[in-house]
Amino acid sequence: MNVTQTAQTLLSNQVSLRKVDKVFSPPGKPADAVHALGPIDLELHHGEFFAVVGPSGCGKSTLLELIAGLSTATSGEVAFEGKPIEGRIPDGVGVVFQEDASFPWLTVSDNIAFGLRRMKLPPGEKARRIEKALAMMGLVPFANSYPAQLSGGMRQRVCIARTLVTEPRLILLDEPFGALDQQTRLLMGDEVLNLWRKTGATVFLITHALDEAAMLADRIGVMSARPGRLIDIVETGWSRDRDSRIVQEEQFGAITARLWRSLRQESMKAIGKIEAAT
Amino acid sequence: MKSPVLWRIVILAGLVILLEVLCVAGVIDKLTMQPPHRILTDLFAMLATGALNKAIAKTLGNALIAFIIAMVVGVTSAIVIHRLRRVRDTLEPLFATYYAIPVFAFYPMLIVLLGLGDAPQIFIGAMLGVVAVIVNTLNGLDRVPGVLLKTARINQMSPVDTALRVTLPCASPYILTGAKLAVAYSLIGIIGAEFIMSSGGMGYEISFAYNNFDNATMYPLILLILLVSISINMMIARWEKVLMARRGLR
Amino acid sequence: MNPQTGQLLRNTLTLIVVVLVAWQALYWVVGDVALRSPLQTLAFAAKFTSTPQFAAHLAETSKAFGLALLLAVVIGLSIGFTLGASRFLSDVFEPMLVALYSIPKITLYPILLLAFGLGMSSKVAFGTIHGVIPIALFTITAVRNVKRVYIKTGHVMGLTPLDMIARIIVPAALPEIFAGLRIGFSLTLIGTLLGEMFASQRGLGFLLMSAIGLHNVDLIMTLTLLLTVFAGTASVVLLALNQRLYARS
C-alpha cells in the first residue's frame, strides 16, 4: 500500500475502531467483571449504510454507545473522522434510540428545535431547518401536537427529525423500530433509506431483525455471542436507490440465509442451548 | 345527575346551609361560632376597613418568602442528593421521621440566633416546607427515563443545562405536588410561630381575638387563611392536571 | 433480618452520628444561650425522665395520642374503603379530602377549643384531623389500584363481599395502605403535640410550650430529643415493615 492509498483510506473511513474491548467491572468486585465486547476492528466508510446483527446480549448497543461517545472503551481506540472519541460526544453525530426519547413537555416542533439549541444559527435558518425536518418526516400536521397525542411510530419520527435537523454526518440507529409492528417497520425502513440518500450521511444501524439488515444495509456486520466480536461481514451489493420491494428478490433471500447461517450457532449460545466451548 | 362536580357543589352548599341553620337556631351558640353569612360579611368589612391589612400582608408576605426559599433550596438539594446515592440513603430515615418532629421547638433557639423579627418565622416556614419539596422532587427525578438523559448527552448539554431543560421539566408534575405541600407548610410555619411568640401577623391576631372572645375578628381571619391556601392549591392542582394531560397521563 | 432492613439500620446509625456531630458543632457556635450539647441534654433527660411530673405528662400524651391514632385509623380506613370501592363516590369526595389535606390545620385550633373545650377531647380531635386524611387518601388509591383480574378471580370463585375485602382487596392493597398508616402515624403524633401546645394544660406538648414561654433551654432540648427519638424509632420500624411489604408484592 503506497502513501496516497493510505491517505485515501483515512479520508474515506469516517469511523474506525482498533482492537476495541469493553469490560464492565462492578466497583470493588473485579471478580465479577464481564467482558462484553471485543476485540473489534471495524471501519465505516463515508456515506455507507452499515448494519450490525447479533444475538441478544452480544453487546450491539454497547458498540453503538462507544461510537456515540456515550461510554469509553476499556482498551483500543475509537476514532471519528480521524479524531479519537474517548468518551466525548463528537460533533456531527446523531443518535436515535429504541425507547421513546421525545420530550413529553414539548410540542413536536419544539422537540425538533431542541436538536438545534447548541448550534448558533440565524433564526431564519433555524425555522427553515425545522420546516424541512417536519416535511421530511411527514409531521407538518402535528407540528403543534404533544408527543402523547401521537402513536409510537409517529413519536419515533419526531426523534428522527430531531436528529436530522442537526444535519449529522453520522447517524446511529439503536434498534429504532424494535417497538413497532412489522408493517410499520417496513415503511419506516423505506423512509430511512430515503433520508440516507437525501442527506448523504453515514448510517450505522443496530438491529436484531435479519430481514431489516438485509434490506437496508450496504454491509452487514454479524456479531458473536458475548463477548461480542465481528464474525462475518456481508456485502449486499444493492443499488443506492433501493426500497422495501427488494424483499422479493432472490438475492434478498440469499443474504438473509447467509446471515442466519453465521448467526444460528451464536444465537443458540446466547439462549444457553450449547456451551460456549463447543 | 351524575356529575361529580355538581354533587360536590351541592354537598358543600348543603353543609354551609346546615351550619347556618344550626347557628341561627341557636343549636351552636354565638360564643362558639358565628353563622357563615356573618363570617363572610365580617370578612368583607374587615378587608374594607383595612384594620388588619398590615397583619394579613405580613403573614402572607412571610409565607411567600418561606415558600420560595423552600422551593429553591428543596429542588436544588434534591438534584444534588439524587446524584449522591450514599447521602440519599442516609437521609431516608430523616425524611420518614421529619414530619413527626415538633419543629416549633426550635423557634426559641432561632429567635436567639436570628433576632425577634420576621426571620425566625420565615426560617420555620421554609424548614417545614423544604423536606416535602425534596422528597417529591426526588420521586420525580427517579422517574426520568434514562434515554432522555442519553439524549441530553448526545446534544452535548452541560449538567446545569440538562437539569434545567430535561430533568426538571420531566419531573415537574412531581415538583408541583411538593409545591402544594410547601404552600401549606409555609403557612403552618408562619402562623404557628405567630401563635407561639410574635407581636403581629394573622396568627397573633387570631390568638389575640380568641383570648378576647372576639369571634367577629377570629372567624373571618381563619376563613381568609383557608380560602387563600385552598385557592393557591387549586391553582397548582389545575396546572399539574394540564401537565399530566399533555403527557397522556390520568 | 433481610438485607434491606440491615441497610436501613446502617443508614439510620450513620444519620444519628451525623446529627450528633452537627449538633455538637452547632453548640460550639451558638453556645449556652439557646442550646445544650448532646451530653448535657442526655444528662438532663436522664434526670428528668425519672421524675413523677414527667411520668404524668407522658401518660397524658400517650393516652391522647393512642386515642387520636385509633380514631384516625378507624375513620381513615372506613372512608378509604368506602370511597375506594366506588368510582363515583371517590370522584365526588376525593378532591374535597385533597383540599382538606392542604389547608394549614394549625389555624383551626381556636375553633376546636371552642367546640371541645380545653383538654383531652380537643387535642385528640386535633391529632385525628391531622392523621385521618392521609390514611383515607392512601387507602382510596390503594383499593382503586387493586388489579381488576384479582377481583374477577374472586367473583369467579364465588367469594362473599366480606371475603372479597378480607382475602383479596386488603392483602393486595396492603403495602400502599401501610404507607398511608405510616404517614398517618407521624401526622397524628405531630397533631396531638400541636393540640397539646395550643389547646391543653397537660401533656408533653404543653410542657414544651411552657418551656418555650419560660425559655427553659434544658427542658426544650430534652423534650425535643425525647419526642424525636420516639418518632424516629417508630418511623424507622414502620418504614422497615413497609419495605418488607413492598418487597413481597
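All chains are identified by letter, namely A, B and C, in their written order; residue positions are counted from 1 within each chain.
Basically, a residue touches a chain if its C-beta (ideal position, glycine included) is under 8 Å from a C-beta of that chain, and two chains touch if they have at least 3 such contacts.
If you want to know which protein each chain is, UniProt gives these names: C = ABC transporter permease subunit.
These numbers come from a predicted model, not from an experiment.
Undergrad: Please find which chain has its CA centre nearest to the centre of all protein CA atoms in view.
TA: Ranked by how close its C-alpha centre lies to the overall one, first comes B.
Undergrad: Farthest chain from subunit B, comparing Cα centres?
TA: Greatest centre separation from subunit B goes to chain A.
Undergrad: In whole angstrom, how far does the Cα centroid of subunit A sit from the Cα centroid of subunit B?
TA: 49
Undergrad: Taking each chain's centre as the mean of its CA atoms, how far is subunit B from subunit C in angstrom?
TA: 19
Undergrad: Averaging only over C-alpha atoms, locate the centres of subunit A and subunit C and give their separation in whole Å.
TA: 53
Undergrad: Subunit A touches which residues of subunit B in the complex?
TA: Its residues touching subunit A are 145-148, 150-151, 153-157, 165-166, 169-170, 172, 243, 246-249.
Undergrad: Which stretch or stretches of subunit C touch subunit B in the complex?
TA: Per the stated touch rule, the residues are 7-8, 11-12, 14-15, 18, 30, 33-35, 88, 91-93, 95-96, 98-99, 102-111, 113-115, 182-183, 185-187, 189-190, 193-194, 197-198, 205, 208-209, 212-213, 215, 217, 220, 223-224, 227-228, 231-232, 234-236, 238-239.
Undergrad: Tell me, which parts of subunit B touch subunit C in their complex?
TA: 2, 4, 7-8, 11-12, 31-33, 89-94, 96-97, 99-102, 104-109, 111-113, 180-181, 183-185, 187-188, 191-192, 195-197, 203, 206-207, 210, 218, 222, 225-226, 229-230, 233-234, 237
Undergrad: Please name which positions on subunit A make contact with subunit B in the complex.
TA: 68, 70, 89, 91, 93-95, 97, 99-101, 103-106, 114-115, 117-118, 146, 148-149
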